[in-house]
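First chain A sits with chain B, and in the next complex the same chain sits with chain C.
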Partner chain A sequence: MSGYLSGVLAILGINVIFAYSIYITAATGQLNLGGAGFQAIGAYACAILSNELGLPIYLTLIFSAILGGAISFLIAFPVLRTKGVYMVLATFAIAEIVAGIILNSDFLGGPTGMIVNNYIETEVVLVVAIIVVFLGFYIMSTRIGLAMRAVHDDEAVADLMGVNKRAIQVSAFTIGGSIAGLSGGLYALYFGFIEAQYFNANISIFVLLYVLIGGTQTAWGPLLGASFFTLIPEALRIGDDWRFFIFGVIIVAMMILRPEGIVTRDALDRVWSKLFSRKSNV
Partner chain B sequence: MLEIENINVRYGPIHALKNISISVGESEIVTVVGSNGAGKSSLLRAIAGTVKPSKGNIFFKEKKINSLSAPSRVKSGLTLVPEGRQIFVSMTVEENLLLGAHSQNRSQVKNLVESIFDRFSNLASRRYQLASVLSGGEQQMLAIGRAMVAKPKLMMLDEPSLGLSPILVGQLFELIKELHSEGISILIVEQNTKLALKTAHRGYVLELGSVRLEGTVSQLAADKILAEAYLGESV
Partner chain C sequence: MSEFILKLSNISKSFGGVKVLENVSFDVEKGSRHALIGPNGAGKTTLFNVISGIHDPEKGTVYFKGKDLRGVPSRKRIHKGLSRSFQNIRLMPHLSVLENVMLGQHSRIDFVDMFKPLDFLSKSSGKGEAIETLKSFGIDLHKGQTVSSLPYGIRKKIEVVRALMAKPSLLLLDEPAAGLNTAETKKLRDFLKEVSRRGITLLLVDHDMPFVNSLCNQVSVMNFGQLIYDGPISELKNDRKVLEAYLGSENNLEGSNA
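The block that comes next holds the complex of A and B.
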């Protein structure tokens, strides 16, 4: 495998994992625009545990996920009191606070960043990505996943069905933070260097776009959205300076043609019907 | 089974329910009728736990449930089939039923859902289809099926006949009688007063958030004011 391809696949793997962190939260109807903050928490946790304590790679990744999840759990209670655009702003503010803490902390390397002593190969990233994708599909196939969709579609009716919406929302936010932390840990270990400037608002916006363009209705959405956003710009390199213009046009076209995202339940249902001859009686 | 004592519900300056007291006994069908804005849906929402009363008490199976959340009330056997069905159109028929059984033990869920498919064959044939493709009558069946899988002791139905053809309304009320014969107490809020009084044992007439009349259906049917205002009969 060439170095270029290996690099693209590693970034794809990290982006897919990151996308599932935001998707799990979005599946309950909450938009998290602070993804970069939770990813940064995982990345810095992984770097410190590797550098200071010399923990093995798998343990640093587990702790990255645990710390991302633990902080998300604590933040979930005040954040989930907000709704809609206010929640988007609250999560965005959290990411800014995280970046501010890192930039002002000598222990965390401040603006100069931090070198990570451990290193992982692309294959590790891809294996973890595959596990996270399966986890995403598994969660959405369980009764918890069904309850998450119900809360997403109509909180009041979900309540009447016996769904504890607050518990579902907090759980989703926590799992999302945990997966974002894991993606941060993988990023730190793969690139060997982290800095606060990388975990900026653009990263949070892009990962949210992966999910929204991919579609929030099914677990296929983040996989396709992250792949689309990672691979299309690479494929468009042949367009030289025009590649970001072309990519922008493609995104606008996608939003017009598929406002609910690339994969919707309706579209998936039609595909399943064709594949398994479940003829619709409509 | 259900005792409501002097409950009041306020939405800001609007006093939607004023000292309402009603009851539903074991295996009883009780109806609440009234015009738009009388407070019928607010009453059901307060019982279901999605609206908090500002005053008054709600007892279910002799336990005060004021502080119980809506999901806990479902678990205790109190379900509401909301106005307009409110099924999840982005889910399949089966998923809607599975969701209805959310409060039940995992081991029972499959049997509960299958029992609904055994009962409603047209839902069974559309099991894997999105609920959005169902007709109005099928959607109402699904909404009732979804409430049934929660194993209710008391089922509340908010305007179940809304938007259904007369034939379907007749079938729906037959189904309600069937559920009652299986031991489920029923509280129906309905604008179709004639049909509601024909099906129920007792009833209440709400007007501007207060109970205007109450009694057995024969007493209510004989009331001149009710006959004139809600049954369309000039006295």
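The block that comes next holds the complex of A and C.
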């Protein structure tokens, strides 16, 4: 595997994992624009545990996920009191607070960043990505997933059906934060260097776009969205100067042509029935 | 002595100074098919919202199976056997028909079963039951079919099936016949009679008098937030207060059995 291909695959893996973190929250109807903040938490947790305590890689990754999840859980209660655009702003603010803390902390390396003493290969990233994708599909295939989608569609009716809306939303937000933390840990270990400036608003916006353009209705959405966003700019490298322009045009076109995302349930249903020509009852 | 499944005692509710419900009291007999009628704005839907826990009454008490429902959140009322449908269809637009119906089972599912993937467990997951129930009410569907692609009448019926999946003892139906044509209304009536035969008490709001007449045996009439009649449906057309306040003339009450 060439260095370039291996690098692209690792970024793809990290982005796919990151996309599932935002997707799990979005599937319950909550938009998290603070992805970079949770990713930064995981990255710094991983770096410090590697550097200061010399913990093995798998442990540092587990702690990245736990810390991302724990902090998400704590802030889920105030954040989930907000709705719609206010929730977007609240989560955005959280990411800014995280960045602010890192920039002002000498222990965390401040603006100069931090070198990570451990290193992982692309294969590790890809294996973790596959596990996270399966986890995403698994959650959405259970009654928990059904309840999450019900809360997304109509909170009041889901409540009357006996769904504990708050528990579902807090759990989704927590799982999302923990997956984002995991993606941050992988980023730190793969690139060997982290700095607060990397975990910026752009990253948060992009990961939310992966999910929204991929589609929030099925677990295929984040996989396709993240792949699309990671691979298309790479493919457009031939056009060099024009690549971001062309990419922008593609994004706008996607939003116009498929406002509910690339993968919708109806589209998936049509594909399945064509593939297997099943007209059977339910 | 007859047994009451639902007792409403002096329910009052106002929104911003407007009294929507004023001392409403009536009982719903177990196993009955009870109608709640009244002109638009009489407070029928608000009363449904009070019973299902969306609104807290300012005064008065809702007793369900003899127990005071005060302090029982809306989410937990379905666990006690109280299920409902809505005036405007409120099926989940992004869920398939089957998923919508399975959502209705949510209150009966064990914690552990919540974590089992639905596609691999057709029997234990309740999926089989959902498919069978849909079939038994004449709804046979293509896999994964979404709700939005279906005709209004079928969606209305699916909403009732979803409410039934909780295995309620009392089913609240808010205008189930609204927007249905004559043939669909007739089918709905037979369907609800079948539901009633399965031992479920019905409390329904509707404006379609022939439908109400041919389905229900008890009726409560509301006007401007107050109860003006409560009794057997056969006596309704002899009640002067109802005639004057609500229906205007005797003819409106008669309604053929279509």
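One rule holds in what follows: the second predicted complex is superposed on the first by the 279 of 282 C-alpha atoms of A that agree within 3 Å, B and C clash if a C-alpha of one lies under 4 Å from a C-alpha of the other, contacts with A are read in each partner's own complex, and residues count from 1 in each chain.
We take it that a residue touches a chain if its C-beta (ideal position, glycine included) is under 8 Å from a C-beta of that chain, and two chains touch if they have at least 3 such contacts.
What you see is a predicted model, and the numbers here were worked out from it, not measured in a lab.
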When chain B and chain C are modelled together on chain A, clash or fit: clash
First (chain B), second (chain C), both or neither touched by A:266: both
Touched partner set for A:235, first chain B, second chain C, both or neither: neither
Partner chain in contact with A:53 - chain B first, chain C second, else both or neither: neither
Which superposed partner A:159 touches (first chain B, second chain C, both, neither): both
Partner chain in contact with A:149 - chain B first, chain C second, else both or neither: both
First, second, both or neither for A:141, with chain B first and chain C second: second
Which of chain B and chain C A:89 touches, first, second, both or neither: neither
Touched chain A residues, chain B compared with chain C: C
Chain B and chain C footprints on chain A, overlapping residues: 143, 146-147, 149-150, 153-154, 156-164, 217, 265-266, 269, 272, 278, 280-282
Residues of chain C defined as touching chain A within the complex: 52-54, 74-79, 84, 86, 90, 92-96, 98-99, 102-104, 106-107, 109, 113-119, 125, 131, 134-135, 140-146, 162, 166
Chain B residues touching chain A - in the complex, by the definition given at the top: 48-50, 69-71, 74-75, 79-80, 82, 86, 88-92, 95, 98-100, 102-103, 106, 109, 125-126, 128-130, 133, 146, 150
Residues of chain A defined as touching chain B within the complex: 143, 146-147, 149-150, 153-154, 156-164, 217, 265-266, 269, 272, 278, 280-282
Chain A to chain C touching residues, read off their complex: 138, 141-144, 146-147, 149-150, 152-154, 156-165, 217, 265-266, 268-269, 272-273, 278-282
